[in-house]
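Take a look at these structures.
What follows is a pair of complexes built around subunit A, which joins subunit B in one and subunit C in the other.
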Partner chain A sequence: MKHRSLVATLAVLGLLCALPPFLPRFYVYIASIVLLTGLLATSLNLAIGYGGLYQFHHTVFYGVGAYGTALMLTRAGAPAPVAMIAGPLAAALLSLVMGVICVRLSKLYFGMLQISLGSLVWVTVYRWYSFTGGDDGIHGVPLPDLIASAKGSYYYTLAVTALSLLAMRRIAGSPFGKTLQGIRDNPVRSEAIGVDVKRHKLAALVIAGFFGGVAGSLFVVVDTSAFPDMMFWTYSLEVLIMCLLGGMYTFWGPFVGSSTLVLLRVFVSVYTQYWGLILGTILSLVIIFLPDGMLGFFARRFRKGEVRGA
Partner chain B sequence: MEFLSHLFSSGTLSQFLVGLSRTTILFIVSSGLSLILGILRIPNVAHGSLYMVGAFLAYSVIHLFGGGVAAFVAALVIAPLGVAALGFVLERGFFSHLYEREHLMLLLLTFSFALIIGDLVKIVWGTEYRSVTLPVVLQGSAEILGLPLPYYNLVLLLVGPVIAVFLWLVINRTKMGKIARAAAVDREMVSAVGINVGWVFAFTFVLGCFLAGLGGALIAPMTNISLGMDHSLIIEAFLIVIMGGLGNVWGALLGSLVFGLTQSLGILVWPKFGIVFPYLAVVAVLVFRPRGLLSSTW
Partner chain C sequence: MLRVESVVMSFGGFKAVNGANLHVGAGEIVAVIGPNGAGKTTLFNLITGHLAPDSGRILFKGREIGGLSPHVICRKGITRSFQVVNIFSQLTVFENVQIAVLSRERKTYDIFSKVEGMAAEEVERTLRSVGLHDKRNVESVLLSHGDQKVLEIAVALSGKPELLILDEPTAGMAPEETETCIRLIRKLSDEFGLTILFCEHDMGLVFDIAQRVMVMVRGGTVVQGSCEEVRRNTEVQDAYLGGSA
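The block that comes next holds the complex of A and B.
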């Protein structure tokens, strides 16, 4: 089984490496966006799917990761590797601070406090023209030649996304990840058997924030820009939808959900300006009829088949 | 000293009163959201969209009746009722079957409705800005303590407390309100004693939507009616509801006042970053009183 999944992973990676020469420039860009959005959704899932934490404003970390990297490159003139790490670290730090404030609350209250803190960050970025560029954002971020072209940024995004997903997969499967799921399913019992619930939750938040920040810094590489809409509340809800659409209680679900949505949006936008209508309809149908998401649905069907066979 | 005299000049004070009257609209919309979240436990993201629909409906009604006081009053009645009817359809069609779902699912479901309603508004009313002019009677200014205050803002300042008292009476003094509060705490128990909880919930939801529509109709003459007015409002309304205490009408009033006052004061003190203060206030309240300023229904 382990052997098979390794082969599958290598096959997908090989396919993704071979893709760019056959695609027009625009689609290479879209492919990069698909990858980094998948990373963003997977990082959110670590908090919400594995940790059961109502991370309602995850894109704040995405935005801070992007601004961290973009500001280091434009204002500080820092070398690219430093900037690439600074963004995610800033996101992780913010996640720690917000986590310390929010973690004692549960469910809806946790989510709402996070929304208010996140909105505070958003409003500051949105208003601070002299530093963040306000609502115009930052454009034309200078990048090293190696990752400046569409193909270069694609391969960089692919490499970083693959490594990040691998790391998150390891984390999710580790004793820490299992404990986290235990806390999600029964916090009281976990506490009783001696698990430090708050510390585990906080760690999950910081990890999720860090990888959200990685996705943000990748966005700067791909799009050479950062803007406040990246961390507006409704975008957080869209990323939540991606997780839900693919299936929250699976590792790959959010990635599948986000790829589906990003690609669907690109193709639908050619034909109609009413993307919201389409997304809203799909989403409400999924919530009403398939609450486990696409992967959850297929997994269930598959398992049912197994049972019938046995 | 110069700063202080600027702060207490008549111009800034009347500006402050105008800001306060806008708080009324925040209160009306967020009290509706508070009912829906506190009693039905639906974090209704589509509430902002209903407010937007209310504003667009008011615009259409006023244009249909050709302006004037009668048209304006008609808009204030028809727009909220139209939104309430939409709410009734949503509740009976969808939410009444989904009350048992977890918050996250309901949040996303209402977000999907927000997306759908947003695009439907785009289809019906188009993407241009719309504006409504006040009837001539309401266009002047009154003098309050020697300060000029537009009549319409004065009306708003009076409407807010009236709505608050009305809601308090509905929730605390009517049978419907009492059942709704009981059902918020233990729904099964209430239905076990033979009360049809479904209709009480429908009533609560429709009342909440009516308030969203009323807020939209009232803001119509004060702003450009546009797509996107839902997104900026809904987040403020959510923060107010959480800050005040879920399902608590006075909490919604207090929350709106805190939010509105910190905003107007903040902009007076520090024009560039004044908008940050209400968010800071919400964070401060939630850090010290995570369940809100006043008691919540659950």
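The block that comes next holds the complex of A and C.
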């Protein structure tokens, strides 16, 4: 089973590595966006799917990751490797600060406070013209030659996404990941067996924020820009929908959901500007007929007993 | 081992626990009985940190534990089962017990190891001792009510407590499940020398397994003593056992 899984992973990676020479530049860009959006959705799922934390404004960490990297490259003139790690670290730090405030609350109250604090960050970025570029954002971020081309940024995105997913997969399958699932299921029971629920939640939020920031940093590499819309609350909602669509109780579900959504938007919007209508219809059907999401459905059907906390 | 002294706890103007006193010695099986609303579960919630007392003292091995968080109290050696089944319903039977073991071993922050197979030997042993080994891979939500109650005890046991608190362990169980549960409680006491504090409405069960009984009425302690002493107490007979015995 493990051998098959390794072979499948290597096959997918091989296929993804082989793609760029056969694709036009635009599709290489889309493929990069699919990868980093998948990473973003998976990072949210670590908090919401595994930890049961209603992280309703996750893209604020995506945005801070992007701005952190973009500002380091444009204003501080920092070397690219430093900038690439500074963004995610800034996102993790913000996640820690917001988490300390939010973690006292649970469920919807947690989610609402999270949206409020995230919106504060968004409005600061949106209005602070002298530092963040305000609603214009930051464009034309200078990148090292190696990753400046569409193919270069694609391979960089692929490598970082693969490593990040590997790390998150490891975390999800660790004692910490299992404990998070326990907290999601029953925080009262978790406390009663000696688990410090708040601290574990906080740790999960910081990890999720960090990887959300990694996705943001990758966006700067792919798009050479960062702008406030990346961290507007409606985009957080969209990422949440990606998790629902793919299946929140599986590790790969959010990645599948995000890929479906990004590709739908790209290809359906060619034919109609009402692509949201089609998405809404698909989502409604999925919720009615596949409440565990697309991958959750298949996992339950073909691998009974391994669905949750896969 | 456990001493509750004049503990008071109010919900608004209602005193759910009103000057309760309780003493549990090491290795004892002590039952708390009383009519519905007497404050038994609130007392247990106070001991395990799910509620904080307004006044009074709760001492465990001579140290004040009143008002501490549940996870801190658990680490001091007190675990519990709840009145309503309280398990990790979306996890398997094995995983339920495994998390408790990992928590006791303080491995829950470990993000590098693979959880698969961790503490397997101990988990298997615990499941065997409570009779759930053959259901180890079943999602716990799918267990019968009786098995869920037993699983909850197994989870509580995995913390290797010195004091195990059971809140109505046989509530809602079928007669044969109750029998199994009683056997289990006896076994825990005999084999592991556990100190057990429980509350129960089934008087047959109480007088069958408890060594001492504490009677609560309207949040206060009416009497505590041996089963015989409690049976003979006229106040208890009037308030709870239905007149003279």
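By our rule, the second predicted complex is superposed on the first by the 302 of 310 C-alpha atoms of A that agree within 3 Å, B and C clash if a C-alpha of one lies under 4 Å from a C-alpha of the other, contacts with A are read in each partner's own complex, and residues count from 1 in each chain.
In this section, a contact is a pair of C-beta atoms (placed from the backbone, for glycine too) under 8 Å apart; a residue touches a chain by one contact, two chains touch by 3 or more.
Source: prediction; values computed, not measured.
Taking subunit A as the reference, the larger set of touched residues comes from B, when subunit B and subunit C are compared. Once the two complexes are overlaid on the shared chain, A:Ser269 sits clear of subunit B and of subunit C alike. In the superposition on chain A, A:Leu283 makes contact with subunit B only, not with subunit C.
In the superposition on chain A, A:Tyr109 contacts subunit B only, with no contact to subunit C. Looking at the shared chain after the overlay, A:Gly194 reaches subunit C, while subunit B stays out of its contact range.
Looking at the complex, you find that subunit B touches subunit A at residues 43, 45, 94, 98, 101, 103-105, 107-109, 111-116, 118-120, 122-123, 231, 235, 238-239, 242, 272-273, 275-276, 279-280, 282-283, 286-287, 290-291. Put simply, subunit A touches subunit C in their complex at residues 170-171, 173-179, 181-182, 184-186, 188-197, 200, 203, 207, 249, 305, 308-309. Subunit C meets subunit A in the complex at residues 48-50, 69-71, 74-75, 79-80, 82, 86-92, 95, 98-100, 102-104, 107-116, 118, 137, 139, 155-156, 158-159.
Contacts from subunit A toward subunit B in the complex involve residues 48, 54, 56, 101, 104-105, 107-109, 111-113, 115-117, 119-120, 123-124, 127-128, 232-234, 237, 240-241, 244, 273-277, 279-281, 283-284, 287-288, 291.
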